[in-house]
Structure formats: C-alpha cells, structure tokens
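Input: one structure, supplied below.
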Amino acid sequence: MRLAFNTWVYSSFPVWVPSYPLDETIRRLARIGYDGIEIGAAAPHAYPDYLDDAARTEIKRHLDDNGIVVSSMLPAPGGGPGFNVASPLEAERLNAIDQYKKVAKLCADLGGKTLLYVAGWQVFGTRTEQAWEWSREALIDVAAYAADLDVTVVVEPTSADSNLVETCDGALRLMRESGGSNVKVMFDTYHCLYRNEVPTDYVYRMAKDLGHVHLADLNRAAPGDGKVDYKALIAALRDVGFDGYVTMEIGFDTRAVEPDNVARRAYEYIKPLVAGTA
Amino acid sequence: MRLAFNTWVYSSFPVWVPSYPLDETIRRLARIGYDGIEIGAAAPHAYPDYLDDAARTEIKRHLDDNGIVVSSMLPAPGGGPGFNVASPLEAERLNAIDQYKKVAKLCADLGGKTLLYVAGWQVFGTRTEQAWEWSREALIDVAAYAADLDVTVVVEPTSADSNLVETCDGALRLMRESGGSNVKVMFDTYHCLYRNEVPTDYVYRMAKDLGHVHLADLNRAAPGDGKVDYKALIAALRDVGFDGYVTMEIGFDTRAVEPDNVARRAYEYIKPLVAGTA
Amino acid sequence: MRLAFNTWVYSSFPVWVPSYPLDETIRRLARIGYDGIEIGAAAPHAYPDYLDDAARTEIKRHLDDNGIVVSSMLPAPGGGPGFNVASPLEAERLNAIDQYKKVAKLCADLGGKTLLYVAGWQVFGTRTEQAWEWSREALIDVAAYAADLDVTVVVEPTSADSNLVETCDGALRLMRESGGSNVKVMFDTYHCLYRNEVPTDYVYRMAKDLGHVHLADLNRAAPGDGKVDYKALIAALRDVGFDGYVTMEIGFDTRAVEPDNVARRAYEYIKPLVAGTA
Amino acid sequence: MRLAFNTWVYSSFPVWVPSYPLDETIRRLARIGYDGIEIGAAAPHAYPDYLDDAARTEIKRHLDDNGIVVSSMLPAPGGGPGFNVASPLEAERLNAIDQYKKVAKLCADLGGKTLLYVAGWQVFGTRTEQAWEWSREALIDVAAYAADLDVTVVVEPTSADSNLVETCDGALRLMRESGGSNVKVMFDTYHCLYRNEVPTDYVYRMAKDLGHVHLADLNRAAPGDGKVDYKALIAALRDVGFDGYVTMEIGFDTRAVEPDNVARRAYEYIKPLVAGTA
C-alpha cells in the first residue's frame, strides 16, 4: 500500500487559482514524501493536446529525478468540452471517448498504470437506462484501448457530483458489464460521506476488484481534519490485501487553500497508519 | 436596460448536475420573462466544436420561436483545456485565443453582439507583467476578429476566481491598452463583494465604457436573497445611461439548486426595479 | 389537485411523542381545511392488527362526519418487525409482504385508493441486484392483491432513508418491471432535496405515471419555511394534469413540534397556490 | 464493571441504514474488545418472531465463538406495532406485554440476564394516572414471566423520547410499585442531558437498585466527543459497587455514521477509565 497525491489543488481545475506548473508540483509532493502522484489531465498540468513527445519525455525524467511515480491519471469532466460519456450530444460522447484514450496514452507515456473512469451523468431528458448504455459502451471502448497500453481502468462512483454511478454496487455492475479484464473499481471517501455510507463497507464489497482509493473528508478536507475513520479504513484495506495507491484528493474546491499545507497534513496523518507505526 | 439570464446553473459547468439541454433552458427562461439569454460556451449547451451549421440554425429558430435573444456569450475557463490566455504553456494560450474566436463566431451565428473576456490568471512561476502582456495580446487578437462579426468584447474583472484583472481600474486599463474600438468593460456584483467594494462605484467609474453587467449576491445567491443594494445599482445604471443587459449569473456553484427557482426569484425581484414600478 | 396531510407528526412513529388518537387527528385536520388525510399504518392510529371491523366502521363514520377522506395509507418500515421487503431474512420479507396486504385492505376499508410502497433497503452483505429482485417480487405480489381492492400502489424513492430506490428513474423502473396496471410512482420533495435534485424534474419525468406527491422542506419543515420552489412545483403538476393528492409529510422527526402549527402553516401556504389565488 | 455496546447503530432501527446482519455485528464488536453486546429486538437482528430455535442456537454459538456475551436486550418501541404499554388501545397494550415476554425469552435463549423496560408514553386524551397504571400492570406481568427465566427487568427513564417515566425518582417509584424482586432501574446519560441533570446524581440515588447503565453524549455522540464527565461517572459507579454492564447506546439517530468508528472511539475512551489505567 503506497501513498499518492492528486494534483487538482495545485492546478486550475476546478478552481483557477492557486495554480502551479507540473514540474513544481512534482518536486513539492516528492519532497513531502509521497510515493506517487495522481495527475489530472487538465491545463496547465497535463492536457494531452498540449504535451508533445518532447514534453512528455521531460516530465518523465523530472519524475524519475525526484523519485516519484505516476500512480494514476484522470480526466477533467464538466469543463467546456464536457467529456460526459453519457451526454445527449453525440459529438460530446465521441470526443469524451477520444479524450479518455488520449489520457490513457499520456498515462502510459509517463509510466502510469491506472486510468480513472467517471461514468458521466444524466442530463434532463435522457433516461437512466440510455445514459447507462452510453457509459457502458464508452467504457468498453476505452478499456480495450487501454489494455494495449497495459493500463487498468478503474470505475469511480461519484455521487457528490453526478447521478449515474453513485454507489459501490453501481460501479461493480458497470465493471462487470464492461467485460474488460483490465477494468476494476475504486472509491473516494468523500463520495461515501455524501451518501452517508461507510467507507469500510466499500472495501469489503469491492475487495479483489478494488484497484484504487481516494481519501478526502468533509468539504474535501485532509484526512484527520474531518470525521472518517481512517484507522478502520487502512485496516480494512490490509484485510483485503489491497496493494494499490491510497491517494489524497483534497483541498481543490476553494481558492482559500495552501496546497502544500493540505498535502503535508494528509501525509503526516496517514503515513503512520499505513506504516503500522500508529 | 433589459434583463438576461446566464445559463451556467442549467448546464454542466462548473458543477455537473443539474443539467438541462439548451432548448429546454431557452424555453424556461423565455417563459419566466427574460429578454435575453447569456449562453455559456460549454457542453451540453454550446461548445462550438459540437455545433455544426444545422445545429446553430436550429438553436436560432428556437430562440426566435420563444421570443428571446442572445444577450451575450462567454467561454468556460479552467476546465480540461484551461483556456487561460495567460498560461505559461504556449499551446494553451494559442488554443485559448482560438476558442475565444470560435465563441465569437458562434455568438454572431446566434444573433448575439457581446463576448465576455476573462483575462486569464497567473500561474506560479509566471511574472505578473508577462501574464498581463500575454492577456493583452490575446485580447487584441480576439477583438480584431470579433470586430468583423460586429461583436463587442467586454473585459470582466474576476477577483473571486483569478489574480490578473481583479479590479475596476484593471479592466479599464486592459481595455485601453487593447486599443480596440469594439472593446468595453463589465463587472459582476459577486466579484465586487469578494473585494468588499461598492457596485455603484463600478457603474460611475466605468460609465460610458460599461457594456454589460452581471448580478449575483453572496454565494451566488439571487438578487434579493443577499446584501447588495440593487435599488441603488439600477438607479446608478440609469444615471449613466446604460442600455445593455443586466444579467443574472447565479446559483451555479452548487448541486443543491433549483435553476427555475433562482431564475424566477431574480426576475421577480429585479424586474420592478428596472421597470420603475418598485 | 387536492390537499392532504400525513399523520406521522400526530402519531408515535418515528418519534413517540407528541401523540394523538386517530379520531382527534381526523377532527383537527378537517377543521384546518384539508381535503384528505394520509394515515400511517402504525400505532396508535392504524396498525391493521389492532383494528377489527367495528373499529374500522367507526373510523370511517368519523371521517365522513368530518368531511374528510383517506387520501392514502402507508406502512411504518424500520421498527421492530422491520417490514423491509428486501431484507436478507426470509421471515421478514414474508411478513413485510403480508403487512403491505393488510394495509391495502385497511386502506380500502376506510375508503382509500392509494397505498404507498417503500421498496426496502439493502443490508450489508446483500447485493443490490438481489435486494432489487426481492423488492420487485414483493411489489408484484402486493399490487396483485391491491388490484382486487381497487387500490393503486405508488412506488416512492426514499433516498434520505434508504439505498435501493433512490431516484426518479429507479422508481419508474421498478414500476415498469412490476408490470402491474395499478402500479404508479410518487415522489417527496424532501428526498429530492437530500439528493440535491429538482422537484419539477420529477414531475415532468413521472408525468402520467405520477400518482401521489409528498411535500416537505429541509429538515421536514412545512412548505414556505424552507427552500423548495412550490410555485413552480404546483405549476408543473398542473402542466402534466396531475389530479391526485398533494400531501404534507412534515414535522415528524422531532419531539419539538406542535402538530397543528405545522399543519396549518403548510395549508395556508399551499392552498392559495393550488387554488390559483396566489 | 464490564463494557457492552448496543446494536441500534448497526441495525435498521430507528434509522434504516447503515444496517449489518447480527453475525457481522457480533464479530465486529468482539474484535474491538467489548465484553458484552446489547441486542435490540428489531429486524434484521433479533425480532423474536423471525428467529426459530435453530437460528437462536446458531446465534448463541456465534457469540461463544467470538468470546462475547449478551449483556441485555431491549424492545423497539414506536414502530408499526407501537409496543406502548400505556397505549389507549387495549390491543396494543396486550401485544406490547406479549412482545416484552418474547424478548425476555429470546434474551434467556441467548444467555442474557437483563431486559430493559420502557414504561411507555401518554397519548393525548389519556390521563397520566391511567397511563401509569397500565404501565405498572404490564411491568408486573412481564417481571413475573421473566423471573422464571432468571432475567432481571430494568426500568429506564426516557425523558428525551417519552412523557411517563422521565426521572430517576419516577423509575424508582415504578420499580417499587411493581413489587418484583427481579425489577431494578437503570439510566442513560443521554436522557440525563435532555433534562439537564447530573449523571452521578442518578448513580448515588439509584445505588443498590441500579442494574444497568447507558452511555451516550449530546446528539448520541460517543463518550469523549461530548460534554458528560465520564471520569466522575465511572468513579461514582465504583463507589456504589456497580457490577453490571456499562453500555454504549450511540450513533444510531442518523444515517451519517460509521458504526465501527463510534464503537471503537467509545471503547478507547472508556476502557482506560474502567480499567483504572487512565
């Protein structure tokens, strides 16, 4: 079980500032002690269209120099192009699938093995069953592409922000229906809280299918500054033999934040639990 | 002085849901009584790349059928592609300029005359002077393109979200430095509140250069549900001879909102002030 | 469109006190002006096993004397016997189905035509698909029984309290899968709020399948003391031709309440909207 | 003095979810370290009618395997059947008495020695003296039955939820009037808080008649997360020679809870006080 940190709070998504270049972000997270970095595929960090081969090589070298690896990558849904795989607009759906593939490629280029999949959301006028079908088809398409890159796609329930895959069983169902051997599931404690559900329930039910974990507390606060029972969560992850990345996805929903501060607080709170020294 | 309503709260930007198709949004705002609609250039409403000529013609007819006009359009900065005209990434800057031009074209195609300009923001590591220069150059480029379409570009100070053009004078300075005869300024009461400034001060200082106004109260609440003095504001607009659109840009920063409710409450509160019946 | 009031706040469910006998409750609601009363099937009001034929005849006469009708009835899930139709315990599932039938019979005996259906909830260790299947089978069984009594069964999404049927489309799907011609759907604004969804979306999507409506605001407050847009809601109900009961289900989750007070406040706020005088 | 934990927060009473099967609940509480488990007689855990002899034997073996004993059992009043021993409905009163006997039998079958007695509540229209008389008669009946099973009945003042036995002296008076040698009293710090009374006052006044104790803080929070002085409380219990179970009855009034978290926090806070190591 290793620790990683998600870059949103250092980027311009979804809140524009504060914003740091990717190289600066890599250096800071490595210095705090994180094993991995989860890079969001948004400007100014890692929008695929903005990064040519030379830029990717440079980022990879910078990661190596700092002794930190890419734990995972994820798209930035909801902005201008939307990237909603369940959109009623065919043009948006096609572009979303294309974007997921570009992010999978970028992920592999940077040495990453895990791509997060947000199943999209239902726009008024679209039936749930139709939205689900579009999302399922997109997942199948993306997963097949990612398989060739040796990248695993993990489906995340995002109840706080969306209305299609909101639960543990919803994510498992989409995973199963995709049929892909490189498709797994993940969860984020923040979305558990939105539904008033228990994070360890997710661990035990996802078990061997669990490929990734996000930690965040109420209001996207750092672990230890909220109400989630992390001691039980880490113990449960150990119970099921989880060997992926426990990743902080915190602090990014407000301009009123010091990125290094939340990154360090989270690390200092969780590291001893994972190391078995607390 | 006419009333318009900004579509964010009906769209997937910045919060993914609730989300309504554009035709449904047009119908609802027209029924409430708005003269104009400010359309955000984001999926699923109006991302330029997703709308071919046929789609634009169809939207235009739907607007006409409902007796409502496009008051203005604006981009959706901060999402995946960023669209930060002051980004340290050249690829992002070029794409941002291109996107503003596409939105200007779409605006003209739909009968609109006003394009909002967000001056971008300074990423850590970029000097203010450099960011300003990039923003100024982008504005000059976009304004020249828009002039041929008979579209006016209005510079908006966005202090709550950015760090480059944050004030009344900052917007006026960028406008002047652009040199474009089709460049004006605008302001949003929400950003005035963020700086604890007085909205009527903006009216009197922008005066003849004022091309557009956004209304929103604390936490993006509807006018009447907060603390701004709208009676004074409307009176000040009348004083300076403002003949543009007073546009509500409200409710969009949370999933916990009924879009029609904030749209109607805002209309019912402001309409009598504008009509001189309250 | 008629107005009804749910009896929980006058009963011992879920909070034990204040508690009034059913005859007293009938008299008070009729005096305030309600057309209908929604009776909860719990002691001391209307637990079927406690009411023999004579008692039912007496209640019916009392209703007639006071000029008020039974708009609907509903079970009281979650107490000792549970009545969870999706329980992992077979004994509980069978008893739940039996209880729904008893309530349907009691409803018909008192002149009511509508039975609410809570689809149950998923206990840890039960898969969603299994819980759904049990709930679907129970609904089919109950609906067939109710059909002979000329009683319609309405499926309610109860997101704030359960985890199986939480959404508009979930309720519609269960309804369709039941195949019963006397099965419809309903919704409660309180549960919309829990999911941060828009009540009018439910109206337009349920439309002709909408058989019943519950009104309640944040914290089960009376309409007018919260944030729901009732003006839009009543207008939407009129749009789709709804001719059932708009029923207040409020105030019951705390001992700190005056039942008559919330009943009267709700009536005075909603009546003019329904009557078209506000 | 031993520590026990009440199962409500793991069950569907009074809030439906989260909900865990009884065997899972037993396993978790034993692992945390509790000596005893207080089982609520509600679905899906232990509604007597749902548990045949085979099921009871299986539960007993599971308890033994996990090294934890049944400290006590209690009914689930207020649900559909009410189980209010002071109800104006004779059918409900008779059924309540019957239910208490069934729970006493189940308690004995599982090896438990203590049955909690909620004295019921006064419904509008019933005189206090009448309600009291019904409750007294019920207690006499139940206690006689329990005596043959070697089960002690403890009367609990429940001021926060009821209006008949609300105080220390009320409980003692009902106990004395029952005349049963296997009738004692208990108290819950949560109900002391509701009346703004001092928990140690209850200890010293109940003294040798004190058979059981519930711990819970403001809003049913875990000990240590509220305002009660547990150090003084445990000391007072030691003063009077209390040798029963100190039982946590916490967290169950909201869906927003992680059961293991409150169970462990409570244990870690109280255990050192009881062990004399803090």
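Per-chain numbering from 1; labels A, B, C and D assigned in written order.
In this text, a residue touches a chain if its C-beta (ideal position, glycine included) is under 8 Å from a C-beta of that chain, and two chains touch if they have at least 3 such contacts.
All of these numbers come straight from a predicted model, not from anything done at the bench.
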| item | value |
| --- | --- |
| Those chains which touch chain D and also touch chain C | A |
| Chains in simultaneous contact with chain B and chain C | A |
| Superposing rotation of chain A relative to chain B, computed on C-alpha atoms, to nearest 5° | 180 |
| Numbering shared by both copies at the chain D-chain A contact, with half separating same from different | different |
| Identity of the chain that, by mean CA position, is farthest from chain C | B |
| CA centroid of chain A to CA centroid of chain B, Å | 31 |
| Averaged-CA centre spacing for the pair chain D and chain A, given as whole angstrom | 44 |
| Distance from chain D to chain B - Cα centre to Cα centre, in angstrom | 60 |
| Approximate Å spacing (C-alpha centroids) for the pair chain A, chain C | 40 |
| Overlap residues in chain A, where contacts from two or more other chains coincide | 122, 124, 163, 197, 201 |
| Pairwise touch network: line, ring, star, complete, or other | other |
| Pairwise chain contacts, counting only pairs that touch as defined | A-B, A-C, A-D, B-C, C-D |
| Chain C contact footprint on chain D (complex, rising order) | 12-21, 24, 41-44, 47, 49-50, 75-84, 87-89, 91-92, 95, 99, 121-125, 160-163, 255 |
| Residues on chain D engaged by chain A in the complex (per definition of touch) | 18, 254-261, 264 |
| Of chain C, residues touching chain B in the complex | 193, 196-201, 227-229, 231-232 |
| Complex contact set, residues of chain A against chain C | 122, 124, 127-129, 163, 166-167, 169-170, 173, 195, 197, 201 |
